[in-house]
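A, B and C label the chains in the order they appear, each numbered from 1.
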């Protein structure tokens, strides 16, 4: 006769906190919590006693007081009487501007270099490897300084445009390349220009509609409509027509040499160009590697299979290889965008007024509020990075291969 | 032992300079070295030479203090600071004093809690332009691109000046003097502005200094002086009176050449008090009786320091101007040693 | 009927004739590789032009360079209007570029040490450290070398510390003794439980350090065999190397801990690690360096000050640890689930499973990623120039360009800096690729 016994009901003993895996994790977390609180308390008490000893305090009131300095490139209205907070905002917008521009061009550089590096042309692919290696292995700070120095030394100053026989002249009488920046004509919006712009926007939608229609027709009937020239026609013909019908409402304001500088037109500042170019060409080298890795990650069988189906080279790339490669390329690409945003903080090396230079530079210098400024600065970058990461996660989930 | 445990080993290693004490003076004496904050490099005021030796006008103040306190003018650890880091370095105790062409302003004194112990150079912000521009007054600079060396009150003065004269400009803020110079020479800016002394020092290093001119306008008051933390008055007194000793020495004609002679005793009671042969001034400060003698012997009196580093015989070539003794029409004036 | 009718039959094989000239030699190579289509042909010409422009401008400048003048003015005089580099700035400021402007130099009357042969200060100390570094790194980098060499690697940090900072030899010895004691305690206790061994080892090391720290006299640095050098005096490329090496090696263990923490089942620990990693990865290194230079000093106990070098090392280590943690997390995630389950079914507890099964494999996968982070970090050490430390870039932008003699020399200096970094970083990345091939034992 057997007696079924329940396993003995273990009562909770203190030693189980150490020896039983079920409870041990609580012990560890409890210890971690204590350590965390203790170290936070330690650091905070140090901070406050140090500040008290120095007679300082933490206060953000300086944000509301006038900044007192001027900024040379602002996207929003700003003068020296604006507040420090507005100066910080100007800096934030400038950071976002250079980051956005650099992301676009870096992608272009990167894709071109990545594809060319895989090309059969020996010279081109060697040249591209050279580009990638030389930019990846030298610090971006050195590149920014080198490119800025090149720009300052090679491009002429506005003085060179002056005189009867100037040593430099404007390109097409419209664009001036100087070492202070590039001056380009600015559009002048006359009455009725709104109509032209609206037409153009509608045309863009029109192009998309046409392409959808053509694709649908292809799938339904197998009839292939031409794509290239009708798209161009839809894009430009109505806009140009309206433009002339409305009596050419959009003019151009050409830059002109007046006094010390060019005036009129739009000035793209030298520091912005140097930083933009340096960041794009530096990050482009990394993106090129990502693109190359992405394309090479697609097994050769894929393009062979596509070839066996009778697709032409361009279509193999567009329809088979790239869609699959993008899945591999895009996550590292987005982290490169993140890097661009973070590296744009090196703007202080060239005097571009990004947020590190305004909030973390001149404002910090002038108010002496180091802790507050650095905290705000970190908060800003953290927000940007976390937003980009969030976008990346959404994307990753949407393209994730649905596995069993 | 006051030192914390692990820092014990590190302190010996010099990785972490340790240990608080009641006052900075005691700290410096215990350490045997004076930590003095200077700029990262401005020829004439503070710059390391090819051998890594720091030289310059501000550096001399540091050396004088070290000589007064420790008896050794070379017992100084120079800590290069940027415009950004200098105040934290001082407030957090990383440096004992800051001698880095820092302008004495209300907010720095009151809000940031620093004590300016005096003025060793009366400066003002000026402009430098190439001669070929044909500009003779800063008011002609409408629309010009201006290179600014950041880190002092320069940006604010500039904004105020252009605003009050109702003319426009484009600022180009630049971190270091070398880079500002590079841009200015390449024509990326029309004007370079910083303290007039800095402009003179910069112009001195140009290939053709004669092609550039300093405009007559001085748009700000820039009393530059050494500063210490609020709240440590003993230490503040040491630095203040060391500076005053240099100034008084010039006024009384005490130079590094004749100091040993004068230290034997003179008929002038103030010299005697200064050099410690009479009275107990040194003791009151908590220093040796001959503290001022050592300070003066380290690099000479105020006038000698000026002439050696930035005076007319140097490439920088600054005239005494406002920085002459009060007896000669300048502003340099020391309270009496009594 | 004759037997000779077979005359047309060859008795020997015709020797193969060479391929037509259009299908062989450089011509074919060029046709295949340079001019296969007109587009490629165009690209080839464009590339040739680009190469011509670059070399055509730089080579004469380099070859006309002047190497032995003492100032820019003198150099320009020698060049006499010819375009050429003033490389004499490199020769004249060579030591400053490599070691910073304050590392004490040996002079005639410097006291000698080691049988009166070596001066107590001087550039031989960092140079020797640099050479020894290769010996120490070799067994880590090339796993085919005898494992006994790792002993030297373990001693190297203490040796390097002593050589560079000097001072009393007691400090590194004490640190070494503490570490060794901690290690033996760990060895003894780890058989019982990993946690006991780990914490016991650390506690033992601390006990040794505390007791030893009290024994070392306050003025032990005076008259030491190697004169003490404050870390503020370090500079030049040496500073970049030191920051790079120190921060990477410190951040690997920290990164492993963070990666494991992020994978942990314990929510609190997991969240601490996640927040730390995401925070650090979310901000640029330069803001962290600002923290080091303007904020961190306030977080130390009142009255103590910590010098800038240590603060920067702390911040950069935290920075790279966060990135390394992400790389290792990738390695952990790449391991097949079965490995974890196998470890569990063997009855291994968590530390054992990690130490014996999971981490060796995960780290192997992560090595190329870690090397990439290391290269990136090494490049980022140039950012310390922004907070007034005189590393290579800081030396160039600061004292050298500000000096009267060399005011206006840009290309030579920047080119030199670029070249140094390129050599080091390219070397490391080549190593990383080689290692990747070596490690490709492959699961395919």
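Methods note: a residue touches a chain if its C-beta (ideal position, glycine included) is under 8 Å from a C-beta of that chain, and two chains touch if they have at least 3 such contacts.
Since we're looking at a predicted model, the values are computed, not measured.
Participant: Determine the set of chains touching subunit A that also touch subunit C.
Facilitator: B
Participant: Work out the mean Cα position per chain and let me know which chain is farthest from subunit A.
Facilitator: B
Participant: Using mean CA coordinates as chain centres, what's the subunit A-subunit C distance in Å?
Facilitator: 28
Participant: For subunit B and subunit C, what's the span in angstrom between their mean Cα positions?
Facilitator: So the centre of subunit B lies 39 Å away from the centre of subunit C.
Participant: Can you give the whole-Å distance between the Cα centres of subunit A and subunit B?
Facilitator: 43
Participant: Quick check: what residues of subunit C touch more than one other chain, meaning two or more?
Facilitator: Residues 290, 294-295, 297-298, 301-302, 397, 410 of subunit C touch two or more partner chains.
Participant: Would you give the residues of subunit B that are in contact with at least 2 other chains, written as numbers and ranges?
Facilitator: 84, 88, 92, 182 - these are the residues of subunit B that touch more than one other chain.
Participant: Got the subunit A residues that touch at least 2 other chains?
Facilitator: Residues 50, 53, 149, 153, 348-349, 364, 370 of subunit A touch two or more partner chains.
Participant: If you look only at subunit C, which of its residues touch subunit A in the complex?
Facilitator: Residues 32-34, 36, 40, 43-44, 47-48, 50-51, 265-269, 272, 278-279, 281-287, 290-291, 294-295, 297-302, 349, 375, 379-380, 382-383, 385-386, 393, 397, 410-411, 414, 417-418, 421-422, 425-426, 429 of subunit C touch subunit A in their complex.
Participant: Along subunit B, where are the residues that touch subunit C in the complex?
Facilitator: Listed in rising order, the residues are 1, 4-9, 12-21, 40-43, 47-52, 77, 79-82, 84-85, 88-89, 92-94, 176-179, 181-182, 185, 204-207, 315.
Participant: For the complex, give me every residue of subunit C touching subunit B.
Facilitator: Against subunit B, subunit C makes touches at 73, 76, 92-93, 96, 100-103, 105, 161, 165, 167-168, 170-171, 174-175, 206, 209-210, 212-214, 216, 218, 220-221, 228-232, 290, 293-295, 297-298, 301-310, 387-388, 390, 397-399, 401-405, 407-408, 410.
Participant: In their complex, what parts of subunit A are in touch with subunit C?
Facilitator: 21, 25, 28-29, 32-33, 36, 43, 46-47, 49-51, 53, 116, 119-124, 127, 133-134, 136-142, 145-146, 149, 153, 342-343, 345-346, 348-349, 356, 360, 364, 370-371, 374, 377-378, 381-382, 384-386, 389
Participant: Under the definition above, what is the set of subunit B residues touching subunit A in their complex?
Facilitator: Per the stated touch rule, the residues are 83-84, 87-88, 91-92, 107-108, 111-113, 132-133, 141-145, 150-153, 155-156, 158-160, 162-163, 169-175, 182-183, 186-190, 229-231.
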